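Shared chain: subunit A. Partners: subunit B in the first complex, subunit C in the second.
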Partner chain A sequence: MRRALLSRAAPMAAALLALALPAALAGPFHLRFLAEILLLGTAVMSLDLLVGSGGLVSLGHAALFGTAAYAAAVAALHLGGNLLLVLGAGTGAALLLAALMGVAIMRSSHLFLLILTLLLGQIAWEVAFHWRAVTGGADGLRGLPPLSLGPWRLDGPRALFLLAGGLALAAHALARSFVAAPIGRALVGAREQPLRMSALGYSTARIRLRAMLAAGGIAGAAGSLYPFLNLYVGPQSVHWSLSATMIIMLVIGGVGSLWGAFLGSAVYLALQTYVSAYTDRWQLFVGVIFVLIVLLLPHGLAGAAARWRRG
Partner chain B sequence: MSPLLEIAGIGKSFGAFRALSDISLAVEEGETLGLIGPNGAGKTTLFNVVTGFLRPDSGAVRFAGAPVDRLPPEKRAALGLVRTFQKAMVFPALSLRENLAMAARQRAGHGLRWLGARTCHAEADAKVERLLAESGLPRGGGERMADLSYGEQRIADLLMALALEPRLLLLDEPTAGLSQAEAERLLRIVRRHDSRTALVLIAHDIDIVFGHCDRIAVMHLGRLLRTGTPQAVRADAAVRAAYLGSLAD
Partner chain C sequence: MGMLHPRDALHPATLAPRPAAGRRQVLGGLAAALAGLPLAAPALAQAQPLRIGMITSLSGPFTALGESMRAGMQLLLAQSGNRLAGRPVEFLVEDDQARPEEGARRARKLIGQDRVDLLCGVISSGVALALRDVVTEARTPTFLLGSANDLARKAASPYIVRPTKTNWMLGSTAARWAREKLGGARVLTVASDYAAGREYVGDFVETYRQLGGRPGRTLWTPLGSADFGPLLTTIAAERPEAVYGFFAGSDAVRFLRQWQEYRLAGRVPLIGPGAFFDQEDVLPAVGDAALGAFSTFHQSPTAPASAAFNRAYMATGKPLPGEFSTTGYVCGQVIRALLERTGGTLADWEAARAALFGAPVETAFGTMPFDPRNGQAILDIHVNAVRRGEDGRMVNTVVHTYPQLRDPGPDA
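Entry: the complex of A and B
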């Protein structure tokens, strides 16, 4: 009993410590950097719901994340940076797009699923890139008002970091509950034996739609806060290449583990930030690490950590 | 009272090959109907049509007095029209208990729930324990399905179907590859579970079919050759010529 409690409390304590330490010690640059890891990591974790549980590899996940970012930025420009408003606008927009995507992918899998999500993502990018009046086109949107909640301004790096950390924790709890609930089990069932699931009375289409909505909502919440890190949002945040980056982060971190998404996003962004200071060919390093992980640690860093903990 | 399942004039072709022609059949509540015939006679195709996995070219299927032709497989299953497949179709990576719980949750209407998971799981687990106890499988339930023997997987497959509390259960060669004792045990589990469940049984084991079925339907080359009591079918000259041959003696 005490052991079970400990095994539950220990990761939570570690996560809180991991948030508290940088909040107390890190400088502004690193706080923003960590906040970016947490927000992208949250989006990658939501992708893990689709890929890890459902076997649904999507190349349109950045469209959900980026659409939420745009919706949040537009809402903030017109109505101010109220946190709840921004979160609501971004998450709502992502949910709408996720519903559309969910309906589109209901009956497709494997290659067709990949192509369909890629195309839907590219449509979102086209809209962001060409609808200058609303999205600022290639320039994106600048000059966003800072986030606020009632009388508090949430524009300092520490506040943004804690906000991103709180969101990541909440999203992780939500994703875990999804995986453990009947819907999460059904998603695994639909991946393993779709025919049997139909014979048991499950609609695989409805399972997928719900998974897409859950993933889209979480990615959307993360995307809503993303523009406020640098008070800017651009079309790159909806581009399919960010979707591909998310898949790479997921594989590095470990498919199916949920928390590995944060590891993967940390490794990738660290390479991008630190190695790119020395060479333009930083993606070569990403490539090498990616290949090594696929070959040596098929369950990613999180899988390796779990194995190490078990001894 | 109308029969539980009514099939009228079902036809199905794959290209030039006529898999089913003009099949009409009725199954009453609580009845056990054996469906026999040589390989390629169309037995599994008929199952696929009845359960909605295949669309027939012609004909109609009624279940419990209502047409089900437009319903997808999952809606038919929800009405109590449940099937198994020729091979044990289980979730190999999941535990035995989770395999059965997947069915139990869907039957309880909780299959897609996110909130209130704890109650859903508790209910399903209770039902799974009952089913496991009833089945006499010497297993705790925590084993991975892939680690079970073939016979145990077939019984687990059947238990998944029974967890749906079917009104009509279509079993596609449930006893293939099983020993006589295992096969008898499997059929006993079905019957002990609910005597009102109607059963359609495809099997090649003549002893099983003639020993357990109230009526027997014989298919040959996509047609229904004869339907009748085991005695009548055994005595039928056309059936002997097409399928049973000396097996009937």
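Entry: the complex of A and C
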């Protein structure tokens, strides 16, 4: 009993320490950078629910993330930067889109799923790109008010970092319980043995729809804070290329591990930010690392870490 | 987290809240205090290297333009012996991939980690608008080279200087030229459907109508079209008396080639902003398809102010310079003038800004005064005709100049 408590408390304490240390020590640039890693990592982790448990590879995840970002930014522009309002608007918009997407994809898998999500994502991008009156078109939206919660302003890098960290912890707890719950098991079942699952009376379509809603809600919560890092949101955050980047982050971090998503987004963003200062061909490095990980560490960095810990 | 730069981690100043300009002032102040000699501080500032950060597109759709911009700036720094106003210069370049979020992240890295003294660059207007709040919040002096009208209007900032054109300057002068030369003929407009195209066409149509001209239909195509056939058929069917259009980079090359293949070249007068017929990135690739076209632009290789730059640029093995190499070079000239006027220090940005705006700067775009309301350059806008040069190459040749054009700025 005590061991079980300890084994559960230890990672929690480590995670809290990992948040507290940089909050106390890191400079403003690194805090903001870490906040971005945490927010994108949270979105990648929600993608892991679909890919890792359900085998549903989606190229439309950025549409959920970016739609939430736009909804949050528009809400903030018109009604002020109240944190709860912003989170609610973004998450709500993402849930709505996730429901649409879920209904569209619930009867397809593999290649068709990939193409359907890509198309739905591109539709979202087209809307963001052309609805100039609301989204600012190619210029995006700027001049957002800073986030606030009651009397507190949450616009400093430290506040943003802690906010992103809190969100990441909450989302991780939620995702873990989703995976452990009957619906999470059923999602794995629908991936492994769809025929047997339907013979047992499960509706794979409904399971997929629910998984999509859970993933969309989490991605939406992360997306709704994203514009406030730079006080800007643009159509790139809805584009399918961000979905592809998320998949790369997921594979680097480790499919199916949940927390690997944060590792993956950290490695990818660090490569992009630091290697590109030395060479214009930084994408080559990302490509080589991606290939090496797929060949040598099929379970990503998280899988390698787990194996190392087991000895 | 492994992300901390060792220099930052060790430096005590990282732990304390501090203004953006940072380390040099802290050290300078410390040295002055220790020595008890206030005069020591400026002397120290002289010896400190000046860090200039450039954000430009080195991958993505504007790669060629970004490389030209960097080459222009590097040429100026090389000519100055890598010293500006006596201070050695460290020049750092970051790639924004023409993505706003990426540009904002790079700007934060240059400001927060590399501690640059000033920032410059940017091609895409989207990136420029995204950087606006980042640099204003960090109070980092920034020479922003995107051309969206809003940069001189709603998004103007006391920390931003704009040594380049706004889209309005080109769209409205093209309308004036068309009104004078074509006598108000029916002009069809066509452009790539993105921010710059919308602004060029919008400003052209608005000014043209105000002057009593008759704007015709407006057609849009997505950025990155491969086939302009249907569009050109529509244009031919409309039988316009002239066409005002805007495409950039590879779109411009494809459009102009097909313009010739559909035998519209030479029959329908073609007008556009200069980037449509850019000297460096477009004209060499389209043969004589653009021959006879007119453009309004702040840059021209045949403008007298550009002659010295042309020679220096071509001596490095490059072709006749186009917009972005000249823009990079001019940006460097303006930074050099600013530093020379302040004796090499940017400690008091208020004063530095006033010194820069106090008198015009001589640049490869010509004499450049600044509008103190928004930091926007006041520019000569040339009407360039694409003509055959002595060696048979196509050259943007100045045929008329609208002197000293000032963006309406906050009045718009």
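Here, the second predicted complex is superposed on the first by the 311 of 311 C-alpha atoms of A that agree within 3 Å, B and C clash if a C-alpha of one lies under 4 Å from a C-alpha of the other, contacts with A are read in each partner's own complex, and residues count from 1 in each chain.
The definition used in the following text is that contacts are C-beta pairs under 8 Å (C-beta built on N, C-alpha and C of every residue); 3 or more make two chains touch, one makes a residue touch a chain.
The shown structure was predicted, so the numbers you read here are calculated from the model rather than taken from an experiment.
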Using the overlay on subunit A, decide if subunit B and subunit C clash or can fit next to each other.
fit
Would you check which partner chain A:217 touches, where first means subunit B only, second means subunit C only, and both and neither mean what they say?
neither
On the A-aligned overlay, A:142 touches which partner chain: subunit B = first, subunit C = second, or both, or neither?
second
After the fit on chain A, how big is the angle at subunit A between subunit B and subunit C, using C-alpha centres and going to the nearest 10 degrees?
140
Taking the superposition as given, does A:177 touch the first partner, subunit B, the second, subunit C, both, or neither?
first
Quick check on the superposed pair: does A:200 touch subunit B, subunit C, both, or neither? Answer first, second, both or neither.
first
In the overlaid three-chain picture, which partner chain does A:276 touch, first (subunit B) or second (subunit C), both, or neither?
second
Examine A:25 and indicate which partner it touches, taking first as subunit B and second as subunit C; both and neither are also allowed.
second
Touched partner set for A:303, first subunit B, second subunit C, both or neither
neither
In the superposition, subunit B vs subunit C on subunit A residues touched
C
After superposing the two complexes on chain A, what is the shortest C-alpha distance between subunit B and subunit C, in Å?
34
Considering each complex separately, which residues of subunit A are in contact with subunit B in the first and with subunit C in the second?
none
Subunit B to subunit A touching residues, read off their complex
51, 53, 72-75, 77-78, 82-85, 89-94, 98, 101-103, 105-107, 110-115, 117, 120-121, 160, 164
Listed in rising order, subunit A residues that touch subunit C in their complex are 18, 21-22, 25-30, 32-34, 36, 130, 132, 137-140, 142-143, 230-232, 234, 236-237, 266, 270, 272-273, 276-277, 280, 282-283
Would you pull the subunit A residues touching subunit B in the complex into a rising list?
177-178, 180-186, 188-189, 192-193, 195-203, 206-207, 210, 214
Name, in rising order, each residue of subunit C that touches subunit A in their complex.
1, 3-4, 8-9, 14-15, 58-59, 92, 94-95, 99-102, 104-106, 108-109, 111-113, 125-126, 129-130, 132-134, 137, 148, 150, 154-155, 193-195, 198
